[in-house]
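So that you can tell them apart, the chains are marked A, B, C and D in the order they are listed, and the count of residues begins at 1 in each.
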Amino acid sequence: MSDQLRFGVIGAGRIGRLHIEHLMRRIPNTTVSVVSDVVRKAADSAAAEFGVPRVVGDAKELIRSPEVDAVVICSSTDTHAEFMIESARAGKHVFCEKPIALDLDAIDSALEEVDRAGVKLQIGFNRRFDSNYRRVWEHIGAGDVGDLHMVHIVSRDPAPPPIDYVKVSGGIFLDMAIHDFDMSRYLVGDEPETVYAVGGVRIDPQIGEAGDVDTAVCTLTFRNGVYVTIDNSRQAVFGYDQRVEAFGSGGMVRIDNNAENNAVLSTATAVQSDLPLNFFMERYIDSYIAELQAFVAAIENDEPTPVNGVDGRIPIIMGYAATKSLAEGRPVRMDEIAKM
Amino acid sequence: MSDQLRFGVIGAGRIGRLHIEHLMRRIPNTTVSVVSDVVRKAADSAAAEFGVPRVVGDAKELIRSPEVDAVVICSSTDTHAEFMIESARAGKHVFCEKPIALDLDAIDSALEEVDRAGVKLQIGFNRRFDSNYRRVWEHIGAGDVGDLHMVHIVSRDPAPPPIDYVKVSGGIFLDMAIHDFDMSRYLVGDEPETVYAVGGVRIDPQIGEAGDVDTAVCTLTFRNGVYVTIDNSRQAVFGYDQRVEAFGSGGMVRIDNNAENNAVLSTATAVQSDLPLNFFMERYIDSYIAELQAFVAAIENDEPTPVNGVDGRIPIIMGYAATKSLAEGRPVRMDEIAKM
Amino acid sequence: MSDQLRFGVIGAGRIGRLHIEHLMRRIPNTTVSVVSDVVRKAADSAAAEFGVPRVVGDAKELIRSPEVDAVVICSSTDTHAEFMIESARAGKHVFCEKPIALDLDAIDSALEEVDRAGVKLQIGFNRRFDSNYRRVWEHIGAGDVGDLHMVHIVSRDPAPPPIDYVKVSGGIFLDMAIHDFDMSRYLVGDEPETVYAVGGVRIDPQIGEAGDVDTAVCTLTFRNGVYVTIDNSRQAVFGYDQRVEAFGSGGMVRIDNNAENNAVLSTATAVQSDLPLNFFMERYIDSYIAELQAFVAAIENDEPTPVNGVDGRIPIIMGYAATKSLAEGRPVRMDEIAKM
Amino acid sequence: MSDQLRFGVIGAGRIGRLHIEHLMRRIPNTTVSVVSDVVRKAADSAAAEFGVPRVVGDAKELIRSPEVDAVVICSSTDTHAEFMIESARAGKHVFCEKPIALDLDAIDSALEEVDRAGVKLQIGFNRRFDSNYRRVWEHIGAGDVGDLHMVHIVSRDPAPPPIDYVKVSGGIFLDMAIHDFDMSRYLVGDEPETVYAVGGVRIDPQIGEAGDVDTAVCTLTFRNGVYVTIDNSRQAVFGYDQRVEAFGSGGMVRIDNNAENNAVLSTATAVQSDLPLNFFMERYIDSYIAELQAFVAAIENDEPTPVNGVDGRIPIIMGYAATKSLAEGRPVRMDEIAKM
């Protein structure tokens, strides 16, 4: 038992609890030794349910705990960078939910500390670990589609978040499309050069009043000549719409949505099947386990993590470029936002 | 914690370990308090991995343990009936892997003891709890296909079992088709009247030398006029081939195999996707959790279990009828084998 | 123009008109020089629509016409054998709609005359020329499924024929399943040994009163060890249900129904697509052209036709075997019906 | 016969012959009375094959012929406008292949003449008549996807045209994407406002040397707030890649490529099916018949044609906007090109 990797989990909300469950029950040789939350009751409840032996109110106490080898940061976005810096300084490996921060300087400072400390850092872009997306990436990497020419990403949520969340979310590009920006880099295997975004309010006028859009399409150009389009919507009434298509000189690979069953009913009126999975935790549950397994493996083997600090930083720049593009009605170069 | 349902698991082989893992980690309010195996090391290993506090060598000691509320029987088939009787006499609920026994008298005796004791009994026909099969059953039950006319079941293993297992398996109908016989009753919602089986050795001559066939087709008639065909093979080279189609006056419902991903690759030569899942544990993993959850719910709510003793008995009769039909080249009535 | 193959078409009903249209408009180097029908108006109408220069009332006059090189027989079943004999004696090639006759002696006599005359004979089992079924046959022939073990055929009509037709049809096995019996021989590439049929009246009691069944399942064994099951129904409310699955040591090939479009609509309640094609002429239109093209090619190249007299005879024997099996509740050997 | 609609077909190339065949053989109550081609032999050959009674060398003679009610213009693009004007002045209805012209003034002049003459004009955007695209349009029109938010069009040819053709084609946007621009207007049901195009040479450097690109992505905004993306490639090695997806407040509708058969082969290595249809005539054959039927119906019923002069004009403007956008690296407003 002494060779278990011991985690401290900061934040016992929905995602925090999920990580705790996986570390306690689904991933071999890991345990959660401490959990913290600003809402003490949330931490207590998670600890009780999954058998975490210690609960603290202060995240920094958790970070400093000698029984913590690695920290999982699931607290609110505005605390990520600070806790990352604290963890790095304490010599603890860090798994941090996206985004690192909405402020680019804060990101840069945090990443510098992590570099200096030499600890492992992984960002929670879980979709890279989903078996569908992973298979697309494998096919591209294996040359099965030849030279990549275009990627089309569809990413639509089943329903908009609460309007209070929208107001502080940073906007659709930094909050929602950020996963797709990451996916584009993951699949294209290079860096974006320009971002052109169009968008509007088609679903809920309140989202517009909050200064955001709920429907958007981004067109990206990459250094290696690949074009990427991203279709985003805050509401696909049929479920969580998460697909990608990659086309190249040798062919094409596509994935479709996942459903709970594949039963097809043919009646006198139609041929029909059930809707895709609706809830992101259900749709992506296995990817949450796989990303932590990869993090654990990187620590155990002292290898680079599969989603590093740069992978956390660039999608933020893309988000700002998209936001600027939408505002100005023109394609925006990545280097207008920040040095790449 | 005192309201947890405490299980004793007899047999720490592949299925036993799976049930232990699920009871310890995946199903709320359950625990495994004792595990036994005739191979002590197997029980020790399972106990260590999943944190089972007590290991015994003798299953009967497990059954009598006061810290055991319910028994899961995963030992070899020839011990099922005896342990079921012991458990019933000890007032313990029983979850028993299929088959109860290959001897019909033994089954009848065991079921009588269970009835007399009034304990819950559930048989491990897990496929009823798979989301695909369950959805077919729901559609039929909801009248979505109208009056049911025909069912076609495809059930093919990815590879034959070891020849030593084949020799003691009771034959393809009692060992493998038994799941499909159960499925036919589950979907048709009535009892079979006749069984007609054809079959032969097409995959491995050793299976023929062991007195069995590896390829078989059964045609069943049911009391309510439904016809069922079952395609069985010991080897589908493309993976675990598990499908069903139900047709009726109002339509049809079908399910297809499950794969790890749904990526479709189009190249200059073909449009292709990955093979279906190959391993039964991978394919049916969720159904193993769901069947135990249903068993727990039946105990907690003092309701009938969803797969009872009769459900365990009749597929055995069907297996004998199919075996006789194959030997004699004619349809065999169920009542030629045993009273229904 | 003088090298055109000149056809006489007997019978200007639905199928006759279709063949006339194809020979006049869709198949190169063929023409229809004479059409006949016992209902003179039908022949006149077809001639006018498609530009057939000559109409006669008497089929035998058509057969004897010097401007007729080949005869297409689409008249009522009871006249097929007689017109086939007349055509053979007149040295005309014959394309005959199925069945040749319901009387086996009549079939044998007709085939003898054809053999004696040395004319080409092709039977109208059009499904062999459908691109789906043809592809299954190609895959089997290419060894893509290895040694063939099982075939499952689904063949369900969208709606029962008029009850007056049912009464004279010869029963479901000789009228409807005959296409599937042909398909089984085509795909298996060998001859059947036994036929076991179950069936009943589930759709329309009038069909039962007419002495027939409307729902049936046949299980066939073939000389080469292949097992075939056939699901027949007079009514699939969702459309023309025409599918096949072939399984072997190396894999499996399946086909699905055809629809007019492949649009998939996802809404808040379901993922749905349009029904399969409903009408046999729509579903199989291309196969009707292809079978005549093959007949023309066989004549032009003096090669065997792809569906010969034996192919027309054996499905009739299978139909009688199935009828007898249903009546007697046992598998019937083909040689109980006729010499193979 | 006197109530047949009599066509003159200008141009007996691939498309011209196809229209002649359809008018002579597949569409009721139509005939082709005259065919012309600058290559007299081509016209002679088509006339002989399909039985067109008269051949002329001069298109204007054809237009003036009293036995011509309507003209089909399939000659080279640079002649379309002139023949359209001549036909209008002669009081003949016009079916004109796309594009009307590459010169906007020429288009405007031709459309004015057509308006003045009051003859029917239909442009050959055949894809609107394909059953897949038509079904998407129907679903949108029926409100099945609610308010339309986004459309994604995939349009990839199986192989680039000859380089000599590329040089005079007007570029990928005017030659190839024009079909997709038409499709976007057809599905969105409104006019575009801005076009943003990215593109490059990924397939054949000769295309670049000819001043064109072979790979391009367009992002369009429409007046009604719909966003459209178009993926174009001159080469999809797996076949003719022609798909569309329309997403809205109430759901989504998608279509897939068409294949010659739907056989699915599962082997030990993959689950695979045949490639999509490769040749545009094979893929879209039915749409060519349907568009002419619609033209005939419009004439017979004196109703507007379904694809009018404006429908022919605006995609040209879109093509110029895309060309300008690609050159200048910015979104271009439609009214920068021409008055809408």
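Keep in mind that, in the parts below, a residue touches a chain if its C-beta (ideal position, glycine included) is under 8 Å from a C-beta of that chain, and two chains touch if they have at least 3 such contacts.
As the structure is a prediction and not an experimental result, all values here were calculated from the model.
S.K.: So using the touch definition from the top, which pair is joined by more C-beta contacts, B-C or A-C?
M.R.: B-C
S.K.: Using C-alpha centres only, name the chain that sits farthest from chain B.
M.R.: Farthest from chain B by mean C-alpha position: D.
S.K.: Cα centroid separation between chain A and chain B, in whole Å?
M.R.: Measuring from centre to centre gives 39 Å for this pair.
S.K.: Using Cα averages as centroids, what's the distance between chain B and chain C in whole Å?
M.R.: Spacing between the chain centres: roughly 43 Å.
S.K.: Per the centroid of Cα atoms for each chain, what is the distance between chain A and chain C, given in Å?
M.R.: Centre-to-centre distance between chain A and chain C: 58 Å.
S.K.: Give the residues of chain A that touch two or more other chains, as numbers and ranges in rising order.
M.R.: 237-238, 250-252, 266-268, 274
S.K.: Which residues of chain B touch chain A in their complex?
M.R.: 25-26, 131-132, 134-136, 139, 144-145, 250-256, 258, 260-268, 274
S.K.: Flag every residue of chain C that touches chain B in the complex, lowest number first.
M.R.: Residues 146-147, 149-150, 152, 154, 156, 196, 198-200, 202-203, 215-217, 219, 221, 225, 227, 229, 231, 233, 235-238, 241, 245, 247, 249-252, 329-331.
S.K.: Could you pull out which chain D residues touch chain B in their complex?
M.R.: 237-239, 259, 266-276
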